[in-house]
Amino acid sequence: MRRKDRTYPILVGLFLLFSGAVFFTPRWFSFLLTVAVARSLVVLGVVLLMRAGLVSFGQGFFYCIGGYVAGFSSNAFGVTDAGAVVILAALGAVVAGAIVGLLLCNYRDIFFAMLTLALSMILYSVIVKNPALGGSDGFNVPPPTILGISPEAVDPRVSLPLFTFAVAFLLYALAHRYFLSGFGYAGLALRMNEIRLEYLSLSARALVFLKYILAGVLASVGGALIAYISGHVDPELAYWTTSGEFVFIALLGGTGHVLAPLAGGVVFEVIRSYAFDLAPSLWQMVLGVILLLMIIFMPEGLWSLTERFLERKRDEAAP
Amino acid sequence: MREPLVILLDGLVYSSWLFIVSAGLTLIYGVMRILNMAHGSLYAVGAYTAASVVGWYFASGYDPTLSYLVFFTCAAGAGVLAGLIIERGILRVVYGRDEVLVLLVTYAVLLILEDVIKLIWGVDAYFAYQPYAALGRTKILGIPFANYDLLLILLAAGTGALLWFGLNRTRQGKFLRAVIHDREVSEAMGINVTRLYTATFVIGSALAALGGAVTAPSLSVVPGIGVEVIVIAFAVVVTGGLGSIGGTLLGSLLIGLTRAAAVHLFPRGEVLVIFVIMAAVLAVRPEGIFARVKARKI
Amino acid sequence: MKPLLETRGVTKRFGAVVAAEKVNVQVREGEVVGIIGANGAGKTTFVNIITGYVKPTSGRVLFDGQDITGLPPRKVIRKGICRSFQIPQLFPDLTVEENLLVACTLLNRPFGKLLRPFHDGKFIERVEEALEKFHIKDYRHEPAGTLPQGVKKLLDIAMAMMGKTRLILLDEPTSGVAIDEKFPLMDTIVRSVGRNGTTTIFIEHDMEVVEHYAERVIAFYDGKVIADGETSRVLRNEDVVSFITGSIPTARREPADADS
Amino acid sequence: MLTVEGLQVSFEKTPVLRGVSLQVGEKEAVALVGRNGAGKTTLMRAVMGLVKADSGKVTFDGKELTGLAPNERPAFRIGYMPEDRRLIPDLTVEENILLPLWALKEKEPEKKLERVYEFLPEVKELASRRALQLSGGQQKLVALARAVIVGEKLLLLDEPFEGVAPGLAARLAEILRHLKEEGISILVSESDYTHTKGLTGRTYLLERGEIIDVRENEASG
Amino acid sequence: HAGGTLKVGVVTFLSGAAAGPFGVPAKNAAELVVDALNNNMVPEPYNTPGIGGKKIEMVLIDEAGSATQQVTEFRNLVQKKGVDVVIGYISSGHCLAIAPVAEELKALTILFDCGTPRIFEEASYKYVFRTGPTATIDSVGAARYIVDLKPDLKSVSGINQDYAWGHDSWNDFISALKVLKPDVEVKNELFPKLFKGQYGAEISSLLVNPADFIHSSFWGGDMEAFVLQGSARGLFDEQTAILTTGETAMFRLDIPEGTVLGARGPFGVYAPKSKLNDWFRSNYIEKYKTPPTYPSYKMAQAFFGLKTAYEKAMKSSKNPTKEDIIKAFEYLEFVSPAGKVKMALGKGHQALQESVYGQFTKAGGKPSVKNVKRYPPECVSPPDGVKSLDWIKGGMKGAKCD
């Protein structure tokens, strides 16, 4: 039996909850939440690929593109509206993704992972070498207007998180719809047996191409949002460790559901923040140990907790 | 006309280092399908061990010629120990799980090891320069080269030959290939898979540590040296074709030589070279130079 | 009448191994053809070549008069050819039901419309029908990867038959299937394809199945066609007997025989 | 020789074998017959230790196997042929066959290899080819050879005739009979009686994880 | 402590490659100075307890991680931990990212080590100060020094890390040198990847085309590896290296005789003799068994700058507000173990100090420096309001060198 799908109402509920948090929790927390949500969009892209059996170690490529689109839009081209920039960032990702996707769609497994990594590292070194792009130090991004509302009119510390949540939850809803579509399942099928997929008249390459671009769009939008949230972009956005972290969060959350990346993202930021706080010089170890324990006891990611919970409830409900 | 020859020599030295550093990675991946992110940390463990041992050795005033043996052995020993702990203590629990998940486990190990190293050795630099300088230098084409570096080429060649022989010409090598392909049926055929896994991981770790040890004398051993090594080792291994020792050798040569050429002729492009080469090789041969044979599925 | 499928001088070499040598075969619309042959004779390779999984070293494959040589499987499939596999090709982590649903959706919905929800009522009905027909209803919620060998086989065939087909190629459909399921399975296949005049080619090692269902038999040996013709004639062919079957078929075994 | 007592196996709480008991005596061939999903493969795998039994006991030659690791079993001269062939694709056919002997550190594996080739000249022809390119049936033969070379006391054969051309299948049955007469115990699973009819002395009928019938074959010799 | 506590967030590298050479020496200095101030053990002019009588409470954070992460942590420091002042940041990228956030949060922030002049040249900040000199003085000082050392120099090579710091250092250096010696020839311009560690090919390249001097702004492990590998291959036999951060390694590494060493200002061995310096140096050595290097000095300098400004602000009100402190801090002059510091640039937010270079020698058996030359701030730095590179390329107009 398929469970009744309550994802959309849950998304709306979460959006309201998160928005409320902006007003009712301490500033540092709502900031952390905003960062986590924006970054979890990138993770959502990683998950989208992972469901199709593709691990991208180079989502930093798009993340960085999004960030720099935001940066350049305001600093060089005078486009300062976050709404417009998010759309621009998405378009940027489509263009970039379509170009490199043509090469990438021939690869699977570790080769896909390494090539995506190579691409992001190439972007990284291009930026580092290029003073016109800000070099390795990057540059600052001024606060945007949000759908026409200037930062003077409404405190960006309120408007930016709300905007981020709105964009993110909209994309989450779309992604959920996608996961339930023919493409979503074709992705699962791609992971498991490409020969059969080919014999079901679907081109695996076209599918990979499409998914790569979609994941890129998510990452790019996440990058643009992060650029505004942190007010700064630098090539570190494209560095492989950044991408690695996204994969890490994806696995932390799990790939079973669209909300998993969100759970992973928030938990990760909180854990890291506390690890930094409690063990300033050993936070990596704390993080590593937590990660290890999670993998050993929760191999399906955080999301499996909710599955277990629901299962228990169902067992209880049954006579 | 001497520049091309200098490039060749520089490239060979660099390739040798690349090979020693990546061989363990490809071995572990090839056999266990584990992309060991902690490889770099094991490299760092080797480097630190070597540096400490060398420091102690020279401070005690023993015979310098024996120092090489001593610090190689100690570093490899440290690698074996670390490998054993990681494999028996952690990896064993996650065997059979998804490849990506195991990758994450090694990432966690990397995070932990980085701090363990910091706890043991602190953050200050360690030096082990005596063995590097002690061998003197040779002028080739008027350019002095450190004899130590030149010996590295021999060491790499030796390691490569040994590994190749072990994998392709011995029964243990055949067992490894059986296990690589089908763990379960190998067990049913009487192969002790657990032992083979442990052995592989330990050898791979020892190789990583050895890589660190041979590098230590020409470096200042500082936190983070391991992290830098991982990406480049991955690039080499993927270029050559995962799990193939010959491929790794070729990958090292290709990347090492091009990189040396770039430094001499086009210094600004040096960083890009590794990835461009990798992308170019993969564009032509999607599974690396020596692609693994695929089983017939239909 | 123009043949539906025609191979002209198809040859395939794998290094020193010749898996197909100048194979010339013509199959008419609506025919039910059995392929027999020793192990390694080139039967699977023949199917692989037709469906584009393997490119022939030389020779042509024509389908309905069109040259389809070297087209990738997905394009061949779109022309109305489908196949099942000797080693079942399933999506191991999806349930039986989902496997069928994926097959049904992908075969019947154009790429552009894949954005529609996957659980579509029309397709669910057809999946239901297939579960019924192939007697795999009990397994519907089990992941395909852990199914018994025989059920995997059934599912594999069911998936192949989810689309609109003019030619179906079955690679050892009954191998691994329990004895008392073999005939019902073949009945199901022949009945459901026979309805719309689909041409059927099946590779088979069980001579009783061949005898019972094939109108015509093609015998392969060492990459070559050594006999081609009406079933009983081929099965009595000397070469066929000595190279492949080992004996001339005797009394027909009835399915019920197994329990007596 | 082989005794299975009250074997119980389940996957995720669903029982697949429910208290199966059977015996294979010395110089005896026994068939395991059942429809798809009856649990034949699971039974064989449990005997090889590839799946964990919840309860029950497997003894061979008077020694209990239950707690041993799978890789300790070939030392008892048990040969196993899995239903889905599972050769090592990048080893040659010959290496594939020799693998279990190497694992046992056998002194003169070549001698035994010669004997197997005598039985199965088809395999000898393939000896130097890599296993990955073999056709389905060829792989089956090699897997059989690999089981035979080590199984000097017991052969566990999971559907060995499936996908084998009829002429050859008849010969395989012949070979198995010969081996049995040489003193090897054989447990063979089949969904079909045709090939084992003249071979096996006893047939266990398995259904939904239970033995529902045991039949002594008069045809046994 | 009658006056309560002053919470100071300290951000510096505690892990990664920058921890050893910079992060931990800076952290050590912070601990030393905080401890000494709290216990009123510092000599004149800082012989009053704490900061304005308040006990200093230090909150330590690792600088490792991306700029986004640093921004998050900065917010945590200010909004969650409620620190009064943040002292920190070694990476220029982090400084650039933090400055506007500090401004947004109205959080008093002292950048202690990062060198990029962009911070106050591209924007102006109210809440942000930098108590260390910019990187401009390193490069201009280095150029002046080698011209003084070898007036007939013909050629230079450069090997710098492939990121902003390396590129900027080289650009400033070569531009300044070309002003001083218009026909100097550049033999090599190498930019190996950051943390590459293996410089075989680069060294060959430098050997194939030798120059009089080799400029390098390498730091930490990279610098030390370069020196080790270069020495082993005789790179420094004929060519003299200028290591702009070389001072950090001079007590640990066998540096070739005559190598030009910088300390990014009058720090470390170049710190002028004073009671404060003697106290700092000897206490540091006693506590950490190694002499303080320039990052230690710069950290101490940040604390002393804060103390001076705070106490100056207290003169007008007993409990100074942030605004009071800022007003006191702008254009402040104070002393540190490295001598006199003037907050002269960036509208009074950017410190100015002299540039000092010397040559390494082991002549006395102990590592030390010879031929030390000091260039006054006005000689190596643009006047307030002028961008560094513009100033250098424009011929370093208005430089006052004597």
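A few remarks follow.
Letters A, B, C, D and E name the chains as they come in the text, with residue numbers starting at 1 for each one.
One rule holds for everything that comes next: contacts are C-beta pairs under 8 Å (C-beta built on N, C-alpha and C of every residue); 3 or more make two chains touch, one makes a residue touch a chain.
Here the structure is a predicted model, which is why all the values come from computation and not from measurement.
Least step count on the touch graph, chain A to chain D: 2. Shared contact partners of chain B and chain D, listed by label: C.
Touching chain B and chain C together: A, D. Relative to chain B, the chain whose mean Cα position lies farthest away is C.
Note: the chain lying farthest from chain A is D, by mean C-alpha position.
If you average the Cα atoms of chain A and of chain E, the two centres end up 37 Å apart. Chain C and chain D have centres, each the mean of its CA atoms, that are 29 Å apart.
The distance from the centre of chain D to the centre of chain E, with each centre set as the mean of the Cα atoms, comes to 75 Å.
Touching two or more other chains at once are residues 114-115, 118, 268, 271, 297-298 of chain B.
Shared interface positions of chain A, defined as residues touching 2 or more other chains, are 125, 128-129, 195, 281, 284. Residue positions of chain C touching 2 or more other chains, listed in rising order: 44, 53, 86-87, 89. Taken together, the chains touch in the following pairs: A-B, A-C, A-E, B-C, B-D, B-E, C-D.
Note for the complex: chain B touches chain D at residues 171, 174-175, 177-178, 181-182, 184-194, 292-296.
Contact residues of chain B toward chain C in the complex are 297-298. For chain D in complex with chain B, the touching residues are 48, 50, 69-75, 80, 82, 86, 88-91, 95, 99-100, 102-104, 130, 132-134, 146, 150. Chain A meets chain C in the complex at residues 2, 178, 180-186, 188-189, 192-193, 195-203, 206.
Those residues of chain C lying in contact with chain B across their complex are 44, 48, 53, 85-87, 89.
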